[in-house]
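This is the structure I want to talk about, given as structure tokens.
As written, the chains take the letters A, B, C and D, and residue 1 is the first residue of each chain.
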Amino acid sequence: MAGSDFGSIFKITTWGESHGAGIGVVVDGCPAGLPLSQEDIQRFLDRRRPGQSPFSTPRKEADRAQILSGVFEGKTTGTPISILVKNENQQSRDYSEIASYYRPGHADYTFDAKYGFRDYRGGGRSSGRETIGRVAGGAVASLLLSRLGIEITAYTKTIGPVCCDMDRFSQEEISRNPVCMPDAAAAKKAEEYLKECMKAQNSCGGIVECVITGVPAGIGDPVFEKLDANLAKAIFSIGAVKGFEIGEGFEAAALTGLENNDSFCAGPFGQITKETNHAGGILGGISDGCPIIFRAAFKPTPSIAAPQKTVKKDGTPITVSIKGRHDPIIVPRGVVVVESMAALTLADMMLANMGTRLSSIEDFYRR
Amino acid sequence: MAGSDFGSIFKITTWGESHGAGIGVVVDGCPAGLPLSQEDIQRFLDRRRPGQSPFSTPRKEADRAQILSGVFEGKTTGTPISILVKNENQQSRDYSEIASYYRPGHADYTFDAKYGFRDYRGGGRSSGRETIGRVAGGAVASLLLSRLGIEITAYTKTIGPVCCDMDRFSQEEISRNPVCMPDAAAAKKAEEYLKECMKAQNSCGGIVECVITGVPAGIGDPVFEKLDANLAKAIFSIGAVKGFEIGEGFEAAALTGLENNDSFCAGPFGQITKETNHAGGILGGISDGCPIIFRAAFKPTPSIAAPQKTVKKDGTPITVSIKGRHDPIIVPRGVVVVESMAALTLADMMLANMGTRLSSIEDFYRR
Amino acid sequence: MAGSDFGSIFKITTWGESHGAGIGVVVDGCPAGLPLSQEDIQRFLDRRRPGQSPFSTPRKEADRAQILSGVFEGKTTGTPISILVKNENQQSRDYSEIASYYRPGHADYTFDAKYGFRDYRGGGRSSGRETIGRVAGGAVASLLLSRLGIEITAYTKTIGPVCCDMDRFSQEEISRNPVCMPDAAAAKKAEEYLKECMKAQNSCGGIVECVITGVPAGIGDPVFEKLDANLAKAIFSIGAVKGFEIGEGFEAAALTGLENNDSFCAGPFGQITKETNHAGGILGGISDGCPIIFRAAFKPTPSIAAPQKTVKKDGTPITVSIKGRHDPIIVPRGVVVVESMAALTLADMMLANMGTRLSSIEDFYRR
Amino acid sequence: MAGSDFGSIFKITTWGESHGAGIGVVVDGCPAGLPLSQEDIQRFLDRRRPGQSPFSTPRKEADRAQILSGVFEGKTTGTPISILVKNENQQSRDYSEIASYYRPGHADYTFDAKYGFRDYRGGGRSSGRETIGRVAGGAVASLLLSRLGIEITAYTKTIGPVCCDMDRFSQEEISRNPVCMPDAAAAKKAEEYLKECMKAQNSCGGIVECVITGVPAGIGDPVFEKLDANLAKAIFSIGAVKGFEIGEGFEAAALTGLENNDSFCAGPFGQITKETNHAGGILGGISDGCPIIFRAAFKPTPSIAAPQKTVKKDGTPITVSIKGRHDPIIVPRGVVVVESMAALTLADMMLANMGTRLSSIEDFYRR
């Protein structure tokens, strides 16, 4: 099945394996007239690039984005934008051994079960490098959204047992520490914890939180294409995500109606708003004008050097120790992927929303 | 935007408002030859019908399913199956007042923000009755899946602070108590808690857990159409759901790789399986042959009789008390909706999977 | 495969068989605020209703449209509009015999080949009654388009050997004669020809032409979603259509570039237009502001009373004479179906077009 | 709107402009295990390459296909296949002048009307080079189909006034003459006619016919996703196509039912077949097991050196003479594009068909 595209009006199609010629994305449906350069995309890609901290793999991946189509004289033309990132630092010999067995926590076995065989080099299509296409596409979506006054900010909320204190939240801090936490003290502790994990040849998980501001009320559809449902799919399509929640999320299950309901009130400019935001900015699948807040749980990196039991393709039990260059945690590099998937979802739904009312359509075509 | 369909190969389109002529679904893409009767659908609908316990609204909704097309001589023909449930017990006068203000926790405001006005009677399209179409469609999907050896079981895991003890799990118990818990002792406590909520004119939330057995390894797609991503969207498209997690879910964020990874091993029949199932039956977006286990967090019913602050359409603050017939909790009636959405997702992905390997296609067309 | 829907933003899903409980359509994605009544739909349905002329089957099909959802206080709400037409005059006994053999020119054999069996009563899903859902949906699309100044007019251009003289074109004449020709003299001749066909227990084909005015330049997409490509699919999805052409159509293959190219010129209001319209209003898949003109070739009605050779399901040769109530020609009743499919296509593409330019999106969201 | 993909299960997404960095396609949904090399794709691309005959532009475009992903150890992996063809011989200076005016018969004006501006170099996205992506994708689809016994052959049927005599049909002849006609005598005449056109600084149109053999009965859907409707869209999405017909096509409109109906009969191996094939291999939108035969009308190349009237962007009238390297006819190079689009359509519908019957699905999953 064709399953490599995301979105319907603003759509991306990604391709590429860890150890093939490259990784890429085709962004289709981007409106004409958006200023776009390779640097705009590179800024996003650089945030997911490895080799920038002691907790990310020391691979040197330049990951340079090339725009091959869809931009003319510095602006998008409305036709598909093809973006290519060549694979340059792949070392296939590192991975030759894993062809014969199934790594715990990886998609090796399920790929074989589905397709009959797999490109085993570096995880192939299920490698973390697959997210390059998402981030390049997300960069374009983010630029579009920022033209509409929408900003998306994600950060690490927890790493293993270490949780940020939101009273110490600092937006600037997010890009200052290698774990992308908005709380410098928590970041310190998280770094300590990660060093222990690495020493133990182990890894750990964490939670990313994402806040989206500037979304007008009325975005999203009331039944299957709920804005939160599409965000859920978008975020869950990122490898390693095991949970998604919005607003109070799982906590809401333990609350009462009186505790969880947000009272509507008149805002400072006479507009209608809410006194609290337990809902996380979405009611009945449609944005309510308050900030959209969601969280994603990432599992620990499955590739660890500590010995683990598993089987060969023929079922023979063996003990393996995954060598190579692996992050002890996925979360900090996942932050920009979360932002990208949120941007892609929102860009698509903002465009889809334009034909909702007859009066808007009449206005549009009468100009 | 057209957002009332779900699925791509096995697809449903739902329609209908709480107080219109009826609610319905068109099931398109169901394979030809599946035995199907109105009773098959009714069995599912009866599980979501209100008026069956002290904790569900005392409305008497017969909710009789009529099959209008797509079945001939007791079997599906491969053409669309139209199912109609007439609205019969709607009392529009109950709802006339709410036209003027925005109920906290409901989609009243967001519908107005999106469409400019709304069918305010009983919540209109965002009413819980909208799930009738999902359940009728889910009944067809479940019948198809059971022909392939797949069974889906959902149940209430928590209600407010009350959580089932899974050591006391009993499948039969689920349908015996009014809260659909698999643990009789917890069910008792939950009933007590719900009575307190009702006395306080309040409501509460809860968590539904769902287990799917019999899914072969290899179902789902590795990138955007991950099986868990599609389940996440399916479940999040149910009104009131605020969180979704699979396997260890949010707990995985606090685990280490050694704790969370599942070792592969040889199963009793020589097949490859896993020693544990922290992953919840899906690796890299593709089923691994183990049971699929996920959870959905439902917020408390927003309609409560206790007084709440809100605003009128023009922003004037008022205090309201939502009258009418409302469940103090959504969860027990949501159980069959969760099963239905899981069945629809899985039926679609099982069909999508058939064209994955050249050898299967050659076999199929050479017969 | 789910194949019963058409469109992506403005979308219809049709269902129903000739002899089931009814025929229906769900219109999803219609903007909120469009005034819509059952009478609006009925007017379109009445144009395809049989029993109105000597050349249409004498069946008395009331074909009353009921709107079951999506309209509140006389206006569309933006949620799906479910329209039901009950089957009331079906006589299953007429069709019992045809269960055993394959009618020439019909889909009996191909349905069996695809699904393994078929609802043989009156053609089942491949009956002409299937178009009721298209016409009901097309009525909604046409209403929307007329709000935008777009009018669609189809008429019979040829019947068998009889062709309209376009110099005698009269819009009013189309609804005055039973063959829907805009040329009264040709209509007379066509009626004579049809009487001969009926006497000979035979049938004949014809060509429908359709003109769409008021479409602004810029609608349609340059590659796969060309406006003409989508019209081609829409029209070819009508049973019995064997050819589709736009502008000069097949004639263009015999022309030179100098003959076929349309010179651009300045129009009366300074706008850019074309001196001629060989292109039929579309260049590079995108509307150019001139009238869109296309033609569809309909094959002769396959159901004829004259004896024909065919086979039983087991291959035994037999001679059959198709009894029952059949039109000697499909074309006049097909005229409104052509208009409907054109309206559905155009409504969808008009909505899709709204997100084409960044400046429009900025304007839309800044209001 | 995203409109650069085609197909739903076997899907291509194309990108690229005439004078950008390159042209490409992502083929998604191709089954795993299909042997595929760059040479396989090159063979198809070479058939549409210019510079091979006196009637195609003398540009030297190497058009070398590179496979960037989705193939491992010589076989498709089931993940997206990205194919890149770099633009190497583009001369932007040739096109600088046309930025200021609208070429007759081209999409210059409609692009401006839609997007507000355009990449005017060599036609940008509406250039004939856009078909490179289709042909590369079509090569993959054709390889898949040939594994299922399906062969697609297209050829030039007419060029201007010259029409092939089908009694002289020779499959080998198609690739022997520069106009791709299966009749050597007609090819000679067509070459003479083309030379005259070139001398007159003019161009001409023609008709391509396509025959598909080996398609089993039962492929296609009965309503909107008719096999012929999808072929119509596929072929009409090729720039310059103005007409599409299947079987008798427009001729059917002048026939009677007795003339046009095909009698079913028992075939040599006891299978059911038809005595004639007026239907062109499709009944009710579903293949009937006979060869599928369709025709496409191509308009004359709009780029001609003879002087033509048109306007500048501001409406000022001018006379232009299109210089540069242009084919006097599109048809011979369009032959492989027609085959490609037919292959893409059919591959998609063959895969979609696999889930049609419950019994097949049960067989598939019980193995």
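Quick note on the criterion: a residue touches a chain if its C-beta (ideal position, glycine included) is under 8 Å from a C-beta of that chain, and two chains touch if they have at least 3 such contacts.
Chain-to-protein mapping (UniProt): A, B, C, D = Chorismate synthase.
It should be emphasised that the depicted structure is a prediction, and the values quoted were computed from it without experimental measurement.
The chains in contact with chain A as well as with chain D are B, C.
Of all chains, the one whose mean C-alpha position sits at the greatest distance from that of chain D is B. Computed from the mean C-alpha positions, the centre of chain A lies at a distance of 26 Å from the centre of chain B.
In whole angstrom, the spacing between the mean C-alpha positions of chain B and chain D is 45. With touch defined as above, residues shared between interfaces to two or more other chains in chain B number as follows: 1, 3-5, 8-10, 14, 29, 32-33, 78-79, 114-116, 125, 216, 222-223, 352, 355-357, 359.
By the touch rule above, chain A contacts chain B in their complex via residues 1, 3-6, 14, 102, 104-107, 109-111, 113-116, 125-126, 130, 158, 160-161, 197, 200, 202-207, 216-226, 228-237, 239, 242-266, 270-272, 275, 279-280, 282-289, 297-304, 306, 308-311, 315-317, 352-353, 355-357, 359. Residues 1-5, 7-11, 13-17, 20-24, 26, 28-29, 32-33, 66-70, 72, 75, 77-82, 84, 114-119, 124-125 of chain A touch chain D in their complex.
Note for the complex: chain A touches chain C at residues 8-10, 29, 31-34, 76, 78-79, 144, 147-149, 216, 222-223, 350-352, 354-362, 364-365.
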